[in-house]
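Take a look at the structures below.
Each of the next two complexes has chain A plus one other chain: chain B in the first, chain C in the second.
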Partner chain A sequence: MSTADADGSPKRRRENPLESGLPPEFTKLRYHGKHTKAISCLKCAPTSREGSLALVATGSSDNTIKLWDVTSSSGSSPSTFKGHASGINDLDWSSDSRYVASASDDKNIRIWDAPTGMPLVELRGHTSFVFAVAFNASANLLVSGGFDENVKLWDPRTGNCVSTIPAHSEPITGVSFNRDGTCIVSSSFDGLVRIWDTATSSCLRTFYAEGNPPVSSVSFSPNGKFVLAGTLDDKLRLWNVSNVNGEGGVAKTYVGRHNTKFCCGSAFSVSNPDRQRILAGSEDGSVYIWSINSRNLTQVLKDAHSDIVLAVDASKEREFIATGGSEKDKTVKFWTPTKADN
Partner chain B sequence: MNIELFDPFRPPIPSQIEATLISRSGTNSDTNSGTNSGGSGTLSGRLSAAPMSAVKFNRRGFYLAAGHTDGTVVVWDVLSRCPLRTFPSCVNSEDDEIGVVSLDWSRNSRTLMAAGDEDVLAINLAATPAEGIRVPVIEGLSRLLGGVDVGAIKSAQLKIRKDTCALIVTTEGHVFTVDWGKLGKEQRKQMRMKKRERKGKRGWAKRGGGHQDDESGLDDDEILELLKIKILCNPTSASYKSKMKAKVEKSTRMEHSTVDFATAASFDKSGHSVFVTTRDSVVVFGDEASANTHKELYRWRVEESTSHSTIKGITLSPKGNAFVLRSSGGKGGERVLMYAISCKDGKPDIVFKDPVNTSNMFDDCVFSNDGEHLVAATYGRSKGVLLLWTSDQNFLADTLEGPNLAMHCMAYHPTRSCIATGMADGGIDLWGIPSSWAAFAPDFQALPSNVEYKEREDEFDLNVNVKEDSEQAETEDVDVVTVEKPAVYASDSEDEEEVFSLKMLGCGAEADAKDGLAVL
Partner chain C sequence: MPKTAYIVQAARTAAGRHKGALRNVHPVTLGSSLLNGLVDKVPSLDPALVDDVVFGCVSQAGENAFNLARQCVLSSKLPETVPGTTVDRQCGSSQQALHFAAQAVMSGTQDIVIAGGVESMTRVPMGSNMPKSLGAPNDDNIKARYNTSAGAFSQFIGAEMMHVKYGIGREAMDAFAARSHARAAAATAEGRFASEIIGLNGHDKEGNEIWFDKDEGIREGTTPEKLAGLDSLIQMGMLKPVEGGTQEGVITAGNASQMSDGAAGLLVCNEEGLKKLGSDVTPLAMIHSLALAANDPVIMLSAPIPATEKVLATAGLSMNDIDLYEVNEAFAVVPMAWAQEMGADEDKLNVNGGACALGHPLGATGAKLMTTLVHELVRQEKKYGLLSICEGGGTANATIVERC
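Moving on, here comes the complex of A and B:
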C-alpha cells in the first residue's frame, strides 16, 4: 500500500481538529458494555422505544449478540442472543426494529426476534464464513455475502435462498440494499464494488478505486444516490452511483484513518441536517469523524478503544454513535452530542 | 431507483422464463428446469391450485396480484417470489369456473380491487388483518339493481387516481361505473356483516373468526344510494329498463345510450373517457367536466369486422395513444388489431393487423411498458405461446414457447422487461431477459466469435504511480439524504417516503401462524 504515505501524506494538508480549538462534537456516555471477546459489528436499531436514546445490537467473536437499550442516564443490562456456533461477522435490523439478522463464521445466518431473543429462522447455504448481511426496507428480502465469494438473496420468512450471484473473485466484505430495495451493492477483497439489480440479479455497475485496493466495507447513502466504500489504502470514498463505472466518479475522498488490514466499519450520521457526518473505525483504536461536504475531520474520538475499532454505527433517529473495540478491548461505547452545543 | 442505472440499449423484450411462482401444492414441475439460478420456492399446499384467471402488477412492480378461478386472490412478492397475502373465496365461484375475472391496484397500491361473478371487492392492504381487510363493494349485482339480470361481471377496471371508482362490464352487455367513495367506514362494516349473513343463507361455508353481530346491515336501497352508479350501456328490454330505472334513479342519471350490447370497455389514460366496444364498433364516451353523465363522443365501425366477427377485448397502450382489439373472426380464429389514436379528431387509424390469421385463440393481449411492443398469449401445438410484435410495424419480433399449458392471463411489468403469465395449472411464469454480462466489467464487450488477442507491451504492467487525489475535483457538494423521485413516478402525488409497502407478517414458524390471521 504505497499510496497515501509515499506521495506526500494528505493528512498534512488537513486541519487537525484537536488543535483547532473547536469543542468536541461528541462525548462519551458513562454507560458502556462488554463482550467476552472482540466486538466485530454493531448496528443501531432504526427506531427505539420512547425515553431511550437508541437500541444497539452488537455482535462478537464470543458467538453472541447483545442488545443494549441505551438511555441518557444509564442503560439496562443487555439481553444476549446465543445460538451461533462461531463468531458473528455482521448484523442488521429490519426497518421496524423487530428482527435482527446475524451472519456468522458457522456459515449460517440467523434471524432473531429482537424483543424476545428467540431465533426464528436459520438460513443455510453459504459454503464458507458469512461476512455481511442486510435487510431490505420492507424486510421481505435479505442479502448476504461470504467468503465463498457469493452474494445470496434470501426470503427471511421461509429461509429459502431466492438466488445466488457469483458476485466477486475474492471474499465479500460488505453488502447493502439501497433505500427502496431495488439495488444491492457488494464489496470484495478483489477491489471491486458492484451494484446489482435486485430483481434480475444482473450487474448494473462495477467500480474500483485507483490502484485497486481491497474494499473493506460498503454501504449506500440514506437516499441511495451514493455509495460509501472503505478501502485498505486508509481511505474512504463516496461514489456517485449514477455516473460511475470503472475508475473515477469519486465524489468525495475521506482520509486520515488507518486501515490497511481489517474491515473497519463506517457509517453515515445524518440525523442532524446541520451536522452531516461520516464516521469510521480505525486500526489505531480511534474513531474518525468527517464533515461529508468539506471532507475535513471534525473530530477524532482519540483512543476510543484500546484495540482496533471494527464496529461503528450512528442512529438514524438522533445524533448518537456507538463504537466497539476488538480483542484487547471488547467494550462497546456510546457517544452523544456534547451538551454545550445543543 | 434502479431505473436510472439501466442500460438504455438492453434487449427490450423478455426471452426466457426466469422463475415460476407456484401456488399449488407438491413439487416443482419440470417447467422450471433449465432456467437460471432464480429459484422458485415451492410452497405448502395452503394456496390455491385452481387455474389462474387474472394477474396484475402494482405500479412499482414490487407485488403481483393473482386471481384464481376458485375465487382466491394471492399477492406475491415479485423479488422474493414468495406469497405475501392470501385471500380465499373473494368472489362467489360456485356456479361456474370463472372466479376472479379482474384485479386492479390503486395507484398507491394500498387497495386491491377484485371482481368476479356478481361481486366487486376492495381489499385494503394497508390495514392489519384484524381490522378487516376486505370491503365488499358490490355483492350480488343483479339483485342490487332490482332483480334485473345484468349478467356476471366480465371485467372491472379502477379509474386512475380515483381508487373508489370502477368501470364494470357484464356478460349481458352492460357497462357502468360504480363509485363507492361515499361508503363510510361504518357502512362498510355493516355491509361486511350483511355479507356474512347472506353467505350463511346461501349455504356458503362460513369462515372462522367472524363473530356475528345483532346489528342488522344496510338493505339494498340504502347501499344503492351510497354507491354512485352511472350506466353507460344498458341493452335490456324496455320493461326491464323502467324497472331498473326506478331503482337506480335515486343515485344516477341515466343517459340514453345507443350501445346495444357492449363486449368490452376500458378507461383511457386520463380516466376521463371510456372506450366501449360492441360486436363491430368502438364507441368513445367522454366525461363532461362536472356533469354526472357520460356522453357519446365518437363512434367508429371496425372495417375489418364481418357479420360473424365479434370484438372480444380492448387494451389501451400505456401512453394512451393506441389501443388494440381482440376480435374473433368468422373462421373460428382470432385476430389482434391495433389502432393509433390521432389527437386531432380522435379518429383511430389502423396501424397493425395480426398477420397470423390462423385459428389462434388469443387468451390475452398486453402492451409492453414502453408501448413499443405488443404481446399476445395463445395456445397452439399443445404449447402456450407468446407472440411479440413491434407495435409500430407489422413485425413479429419474437415467438416464445412456454410450457405445455395454456396461458390464461398475463401482465407486463411496469418498469422491467418482464411478463407474468398465469397458467392453467395455477402457476405463474415470470419471463425475463438473460442477464447482461457486459456490466461485470466496465470495458467489456461481447464478441460474436472468439478472436486471438494481442496484448500491448505494457498493457498489464502495474502502474504504481497513483496520481495525487485532486482537491479541487471534489469540491462539489453532495446530498446524501434528499430522496429524489424517479422520473417515471414524477406524476405520483405521494412522496417517495410514503410509498406503500406491505408489512412483513413474521419470520419462520411465526409467519405460518400469522398467515392464519391474514385469512379473514
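Moving on, here comes the complex of A and C:
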C-alpha cells in the first residue's frame, strides 16, 4: 500500500541515510571567515586559481563584500570591496570569474573587478532596495530585481538599463538567467514565479505553489529545464518549466528545513554526477542537503551556524560548499567531502 | 412625514496596497483613525450625540471580529456611550451601512449616525471568515437549486460570465482599466482628493514610518498594451474556461480591482441632528433615493443594473438627470456592462478613477465611493450623483444623492 507525498508522488519505503550510520557527506574545514555583521549572501566563483578549492565572495549587512581564496590547508586573508552605502543582498560572478556584481539596500548595483577589488560600474535606476542580481552566461547582460517590484536588464559594460519589467506586485526576491540566457526567472513575495523572454520582456509563464505562499528564492537548474523555488512554507519546489502553468508542474518537493520568515538561500551541487544535491539554509541555523532525484535528506549540517543561514552556495568545479550565518553568527564556513578516515 | 437624511461630512483614508503602507495598522485603528478624523471635520459635533456607528466589513474574523464598529468606537475619541454595529452585504457593506443610517434618521428613531466601513485585506485576507475547516457556505438546497457542487459561488467565474453575457472583450476591459489609472493619477495630481482624505501613520517599503495620505495603488503610465501582457486567471490555472467564453479567458489582475486596506465614513443627520450641530454647519448633500436589487448569484455581478433601474424609478429621474455616477470596478466588466445596459455617458462614470487603480477595500468601498462622489459633486457644483456596487450573492445597492 502506498500513500502520496505532498507533491502527489507515491511514497516508497526508502532507506534514510541520516539513520543508516553512513558517514556524513560533507565535513567542515577547520578555518572560517568573518564579517562584522550578518552574511546575507555568498557565491562561489565558476573557476578558482590553481591549488585553490574555491574562490568565494560573501556579502554582508556591514556594506562590504569579501573574497576568500580557500585552500585545503588554510584560509587567506580576504580582499574587501568597499563602496556600497548599505547592506549587500545578493552577488553574482561573471562566467570567467573576472567580475562580481553586487545588489544593495543603497538601491544600486555595482560591478567589481575581482582580482583588484576596483569598482568598475555603478548601475542606478531601482527606486528601492535591490534584492537580487545575476549575470547571463556571456556576461553581456545583467538582470536585477528590487523592492520596487521591477526586474531590470542592464548592459554591464556601460551601466545602462536596457529594459524595465514591472514584473510583480510585491518585492522581488530572486532573479536568474537560464543556461543560454534566453529566459529570466523572477520570484516575489506576491507568491508568483514568472518566466520572461529576455529579448522581448514578455511573460512566458506564471506559476505558484498551493496556498500561494511568498516565494523567497528562485534559480534555474544548471541544465535550464527546471526552476528551484523556495517558499515561506518551509518547502523548496523543483518546477519543470516545460509543462508548468498555474499550480501544475511541480516535479519534486524538498521538505525538512525551517523557512517561514526570511529569504534563506538555496543552491544546486552537481559537480559530482554521482552525488547531485540541493542545499538550502534554514532558520534553525542548519543547512539541509537533499538528493535531487530521490528527495531524501542526505545530510543536515546541524547547527552549522549560531543564527539563521541566509547564504549558501556550491562550487561548479568540485564538491565544495560555503555557508554564511546571520547577525549573531557573522561567519562564513567551508565544507568539503568527508574523507574516508574522518 | 419622513425626515431628510443629510450627509454632513464624508471622509476616507487613502487606500493602501495589499501588504503596503497600511500593513502594520490594525483594522480597528484604521477605523478609529477615520472616526477621529471625521469628527474633527465637524468641530461643532459633540461626539456623545452620535446615536450609532454602522460600519461595513466583509471578512469579519480575527482583527475584524467582535463587532468591528463597536471596537472602532472604543478605540476612538468617541465616548463609550456610543454604540456600534457591523454590517455584511459583501462588497456593498458600507453602502448598506449608509442606507441603514439614512433609514434610521429618516424614520426619526435616530438623529446623528456615522456610517462607514473598514477593511484590511492585508491583515485579514479575503476568505478568512470561511476557513475550510468550518465548511462552505452553499448548503445542499443551494447546490440543488443552482445545479452546482461548488461550496461558494466564484466572483471570478462571474466576471468571465459577464464577458460572455454582455459581449465585452479583453481589449476593451484593459482600455477601461488603463483609463481608470490615468483618471486616478490626474485626480491625485490635481489635488481633487485633498478634501476627503484623512492622513495617518503608515510604513514605506523599506519599513520607515511615513505620513500616508495618497492612494497607493495607482500605477501611472499604465497602458492597455502593458495590461495586455498579463496572463488571465484562466491562463494562470486559477479558473477553468466558462461556457461560451474563450479558452484563454479575459479576466486578469490588471482589469480587476486591487486588494486594498482602507476606511471611509460619512456623518449622516436629519433635521434634528443638524440643529444639534448648530447653524454654521452646511451639509454636503442629501440622500435622494435608495434601492436594493437581487438577481442571479452565479453570475453575481449584474445586479447594479436592476438596482439602478429601481432607484431611478423611485426617484422619478432618468439617467440623463444624473450628473455623476460611481459604479464599483470590482472588475472592469461590471461598470462597462452597466453603462452599456443603462445607456450611461462614460464621461460621467468614475471620473476620478475606480477600483482598478484606487483599490477595493471590500467593506469600506461603499462609503469610500460615496465620499468621492459627494466631494466631486461639490467640486463641480453638480446636482445628482448615483452610486451602485455589485455584491457577492448577486445583490446590489443603489443610492442617489443630491448636492445641498
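Quick note on the criterion: the second predicted complex is superposed on the first by the 322 of 342 C-alpha atoms of A that agree within 3 Å, B and C clash if a C-alpha of one lies under 4 Å from a C-alpha of the other, contacts with A are read in each partner's own complex, and residues count from 1 in each chain.
In the analysis below, a contact is a pair of C-beta atoms (placed from the backbone, for glycine too) under 8 Å apart; a residue touches a chain by one contact, two chains touch by 3 or more.
Fair warning: this is a prediction, and the values are worked out from it, not measured in the lab.
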Chain C versus chain B on the shared chain A, clash or fit after superposition: clash
First, second, both or neither for A:P171, with chain B first and chain C second: second
Touching partner for A:S202 - first (chain B), second (chain C), both, neither: both
Partner contacting more residues of chain A (chain B vs chain C): B
Touching partner for A:S128 - first (chain B), second (chain C), both, neither: second
Residues of chain A contacting chain B in one complex and chain C in the other: 202-203, 206-207, 245-246
Chain A residues touching chain C - in the complex, by the definition given at the top: 105, 128-129, 147-148, 166, 169-171, 189, 202-203, 206-208, 245-248
Residues of chain C that touch chain A when the two form their complex: 17-19, 205-206, 219, 226, 229-231, 235-238, 253
In the complex with chain B, residue positions of chain A that touch it: 2-3, 7-8, 10, 13, 94, 96, 99, 111, 113, 120-121, 136-141, 153-165, 178-183, 194-195, 197-207, 210-211, 221-226, 238, 240-242, 245-246, 250-253, 268, 270, 273, 276, 292-293, 295
Residue numbers on chain B that touch chain A, as the complex places them: 1-6, 18, 37-39, 41, 61, 77-82, 84, 416, 418, 432-433, 435-437, 439-443, 464, 466-469, 471, 474, 476-484, 496, 499, 501-511
